[in-house]
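Can you read through this structure? Questions will come right after.
Every chain is named by a letter (A, B and C) in the order it is written, and numbering of its residues begins at 1.
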Amino acid sequence: MRQSEEDREKLGAPPAHESYLTDGTTVMSWLNTRDHKRVGVMFLVAVVFFLFLGGVFALAIRMKLLYPGPFLFDALTYNRLFTLHGVTMIFLFMIPAIPSAFGNFVLPLMIGARDVAFPRLNLASFYVYLAGAVLAVWAMVHGGADTGWTFYTPYSTTTPTMLFPLLLGVFIIGFSSIMTGINFIVTVHTLRAPGIGWMRVPLFVWGIYATSVIQVLATPVLGLTVLLVALERVLGFGIFDPARGGDPVLFQHFFWFYSHPAVYIMVLPAMGVISECVATFSRKNPFGYKAIAFSSLGIAFVGFFTWGHHLFVAGQSVFDNGVFGVLSMFVGIFTAVKVFNWVGTMYRGAISFKTPFAYICGFLFFLVFGGMTGVALATVALDVHWHDTYFVVAHFHFIMVGAVIMGFLAALHYWFPKMFGRTYHEGWGLVAASLIILGFNATFIPQFLLGNNGMPRRYYQYPEHFQALNVASTAGATLLGFGFIIIFIYLVIALRWGPRCEQNPWRSKGFEWLTPSPPPTHNFDKIPHITQDPHDYRTHAPSGVYTDV
Amino acid sequence: MTENGEHHSALPYFIVWVALVILTVTTYRTGRMHLGTWALPLALTIAVTKSLLVILFFMHLWEQKGANRIVIGTSFVFVALIISLTVADVATRFPLATPAGAPFGSDIPAQLEEPAPEYQPPAGKIGEPPRGVPEPK
Amino acid sequence: MSEAAALPPGEHLVHGTDPHLAHHFSSLERQVDASRLGMWLFLSTEVLLFAGLFTGYAVYRYSFPVAFAASARTSEIWAGTLNTIVLITSSLTVALAIHFVRAGRQRAAVACLAITLFFALAFLGIKAIEYTAHFHEHQLPGRYYRFEGVRLPGAEMYWALYFLMTGLHGLHVVIGMTVLAVIAWRTAHGYYSAHYYVGIELAGLYWHLVDLIWIFLYPLLYLI
C-alpha cells in the first residue's frame, strides 16, 4: 500500500550491489558454500519445512480430538502422530531454528566478523542435520514409533514399532547441534571486531552464546541416552531392564538431563531476538544491558540443575523431589529479570508498532503465563495433580509456541529485509500476527482447563464431558494454521516481488545493520571499529530526544 | 610462533610420565588390598591426581588461556552434578523402589539354581496387547 | 577492556600473508587460539558423553556393591593394568611428538607418532584378548550372562556397564588412531613445522582425552 509505493519512488530500480545472494548462482555454489549467510538461509528453508510438517501432525491430532471416541484413525496411529509431532517439532525445528538459521546469518555481522570461526564445520553441521532429519522422516514414512518423543523405558525398549532409525536420526542431529554450539562459542571468543569487548556484544549474541554453552554440555548426554536405548533393543544390554537389575527411571534421569536444558536451547535465542527487537521498536536503550546479558548465562547454568522436576511422580525419591522442586524455582528469577527489563525498555519508549513488535507483545504475554504455570508445576504437590495432563501440555506449548515461535517469527520479520533486501507487506504481517496470537490463545487456554479438570495427555479417547473444550482447542489450532499459511504466502511473494529496501529500514542501532541489506559475501569492506554501545538510541543531548541513525 | 613457557627440554614430560606410572602402581597395590569403604575415595583421588597431571602438563592447560580452563572445568562440574543428584535419588528412595530391592537385598549371596531365564519381549503383534495381559472386560 | 583484533581498525585484511591463515581471522595466533578452544569444547562434549555411563556405574554400584566388587575381582586385572601403562606411555610419546615438531625435529616427531600408534594397537590387542576371555567365561552383559563364578543380582549390570564403557572407549581409541595416522602421514610429508603445528596439537589433545577416560575406567572397573 502506501509504504511500498513510497519505497518504489525512492529506490527506483533494484540496487546494483553484489550480495551474498548473487555471488554464485549455481546449485553447487550453494551446496558447497563456506558463507555463513548461505548456510543460515539453507537452515531456514529446512526448518520452515519441518515446522509445517510438525504442524500437519498437530492438526491431525487435533482433528481426531474433535470426537471423544474413535475417529479418523486408530489408537496406534494416534500414538505415532503425537510421537512424530514431538520429534519433528523439537529436534527438527525448535532446537536448530533460531540458532542455526538466524544465529548463523546474523551473529558474525553483529560482532563485525567476516564469517564464523569454522566455516567448513558450519556447512558440515547443515549436512549432518539433514542426514539425521532424512533418517527421522524415513522412519516416520515407514510407520514410526509410538513411544512419545520422550522414549520412556521400559516401553521404548520393548515396543515392536520401528524405533531404531528414529533414535539414530536423533543421535545424528545431536552432532549437528554440538557443531553449531562449538562454532558459535569460538566465534564470539575470537572473532569480535576492534572495540567490541564482552560488554559491547549485542544481546542476541549473549543469547546465542548461552544457548551454545548448553548445546555443548547437554547434547552428548542425549546421544548416550538414545544409544543406550538402541543397544538395549538390539543387543539386550539391559541397563534399564528391571529383570536384569536395571532401573527404568534411570532413563528418565539421563533423558531429562539433556531435555530440560534443551528447552533453554529453544527459548534463549528467542529471548535474544526479543531483546534486539524491543530495543529497536521502542527506540530506547535496554533497561539493563548487563542484567539481560548475565541472566542469559544464569538461565543456561541453572537450567542444568532442574531436570528432576520431570520425574516428580516417576518414582524419584522424596529427597530429590524436594531438591529439584526448590532448584526449579530459581530459573524463574532470571526469566523475571528479563521480562522486567523488556517492559522497562518499552516504558516511555517511542514505540513503532510494526509486525515484529506485534510478536513481541505475543511473546511477553505467553512467556509470562507459560513461565508462571511452569513455576506452579515445579511445586511437587501441585504436579501430582497436573502431571501427564493437558495442563502440562498447555504449559509447554505456551513456552514452545507462544514464546519460542513468536521469537522465531519476530526474527523472521525483523531480519527479512537484512537477509533478502526486500520488505514484505506490513498490513498482512499484522493480520497474520493477530491470527496467530488469537489462534494460539484459542488453542491452548482450553487445554489448561482440560488438564486441570483431569484430562490426561497422549490419550486417544477421552470422556464426553471434555469434548467442548477440545473442539474449542481444535478451532484455535485451525486459526493458528491459517496464520502460518498467510505468513508463508506473503513472505514468498515478498522474496520475489517485494519492494527493495534501504540498508536499515528499521533505523536500528544494531551492528548487523551497518552492512548493506543483503550483505556482500565478505560482510564488511573494512572491518568496523565500534565505539558505541549496542542498542544505544541516545543522542548526546540530555533531553532524551531520539534521532534517526 | 612462540608461547609462554616454551621448554627446550623433554625432561618435564618424562617426569610426569614417571609420576603417572608410580600412581598407577599405587592404585593397583591399594586396589588389591581391598580397603572396604575407603577403596573408592582413594581410587578416585589417585585417578583425579593422574588426570590433573595429564591435563595440566601433557595437554598444556597449565600454560593456556583461561577460556580453555573454564571449559574443561565446567564440564567436570556438570559430571559431578549428574552423578550426585542421580545417585542421591537411588540412595534416598523407599527401599523397595530401588533396583532389585538394593542395597538391602544385595549383600546376601543369591542361591540361583539355574541361570536367569531367557529374555522375552512381551509384545506380540503391533497393536495387540502384550502376552499374558488379561483382556479388558 | 576489549581483547579484540591485533590489526588496526579499518584495515583491509591482507590475504596471502601466511598460507595457513584463513581469510576471516585477523592473525594466525588468533586462528590457532580458536582451534584450541574449539578442541577443548569438543573434549568437554566427550567428557559429558562418558558422564552418563559413569552415572549408570555409580547408580548400579551403589545398588549392588557386593556383585560389583565380586565381578571386578574376576576381571582380567593384569590386562587392565598393562593397558593403563600402555596408554600413559602413548600419551607421553604423543606429547613428545609435539615437542619434537616445535624443536624442528620432524623425523623424531614422526617416530614418536608411530610409536604412539603402536601402543594404541597394543591396547586394542590386549583388549581383544580380554574380551575373548570374557566370552569364554560367559561374563557377558544383560541377558547373556552365564558366569558361574559370581551368581549375584547385579553381576549382569556390572558386565553390561563394563562392555559399554570399555566398548565406547575402544571406539574412541580407534577414532584416535585414525586421526593420529593421518597426522603422522601429514607430519612426514612436511605439513607441519615449528611455526604451525596445530593439527598435531589437536590430535594429541584428543589422544590425551582417551587416556584420561581410561585413567578413570581402570580403577572403577578392575580394582574396587
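Brief remarks follow.
As a convention for this text, contacts are C-beta pairs under 8 Å (C-beta built on N, C-alpha and C of every residue); 3 or more make two chains touch, one makes a residue touch a chain.
A quick note: this is a predicted structure, and the numbers were derived from the prediction, not measured.
A centroid comparison over C-alpha atoms places A as the chain most distant from chain B. Of the two chain pairs examined here, A-B and A-C, the one linked by more C-beta pairs in contact is A-C. A separation of 16 Å divides the Cα centre of chain B from that of chain C. Chain geometry summary: the mean Cα position of chain A and that of chain C are 34 Å apart.
Shared interface positions of chain B, i.e. residues touching 2 or more other chains, are given as 67, 74-75, 78, 82, 86, 90-91, 98-100, 102, 116, 119. The set of chain C residues touching two or more other chains comprises 33, 37, 41, 44-45, 48, 51-52, 55, 59-60, 63-64, 142-143, 153-154, 156-157. Multi-chain contact residues of chain A (touching two or more other chains) are listed as 189, 217, 221, 236, 238, 241, 244-247, 250, 253, 257. Listed in rising order, the residues of chain B touching chain C in the complex are 1, 6, 8, 10, 13-14, 16-17, 20-21, 24, 27-28, 31-32, 39-40, 43-44, 46-47, 50-51, 54-55, 58-59, 64-65, 67-68, 71-72, 74-76, 78-79, 82-83, 86-87, 90-91, 98-100, 102-103, 105-107, 109-112, 115-116, 118-119.
Contact residues of chain B toward chain A in the complex are 67, 74-75, 78, 81-82, 85-86, 88-94, 97-100, 102, 116, 119, 121-123, 125-127. Put simply, chain A touches chain C in their complex at residues 113-119, 178, 181-183, 185-186, 189-200, 216-221, 223-225, 228, 231-232, 235-239, 241, 244-247, 250, 253-254, 257, 522, 525-529.
By the touch criterion given at the top, residues 1-5, 7-13, 22-26, 30-31, 33-34, 37-38, 41-42, 44-46, 48-49, 51-53, 55-56, 59-60, 63-64, 141-144, 153-154, 156-157, 160-161, 163-164 of chain C touch chain A in their complex. By the touch rule above, chain A contacts chain B in their complex via residues 74-76, 158-161, 189, 217, 221, 236, 238, 241-247, 249-250, 253, 257, 304-305, 308, 311, 315-320, 323-324.
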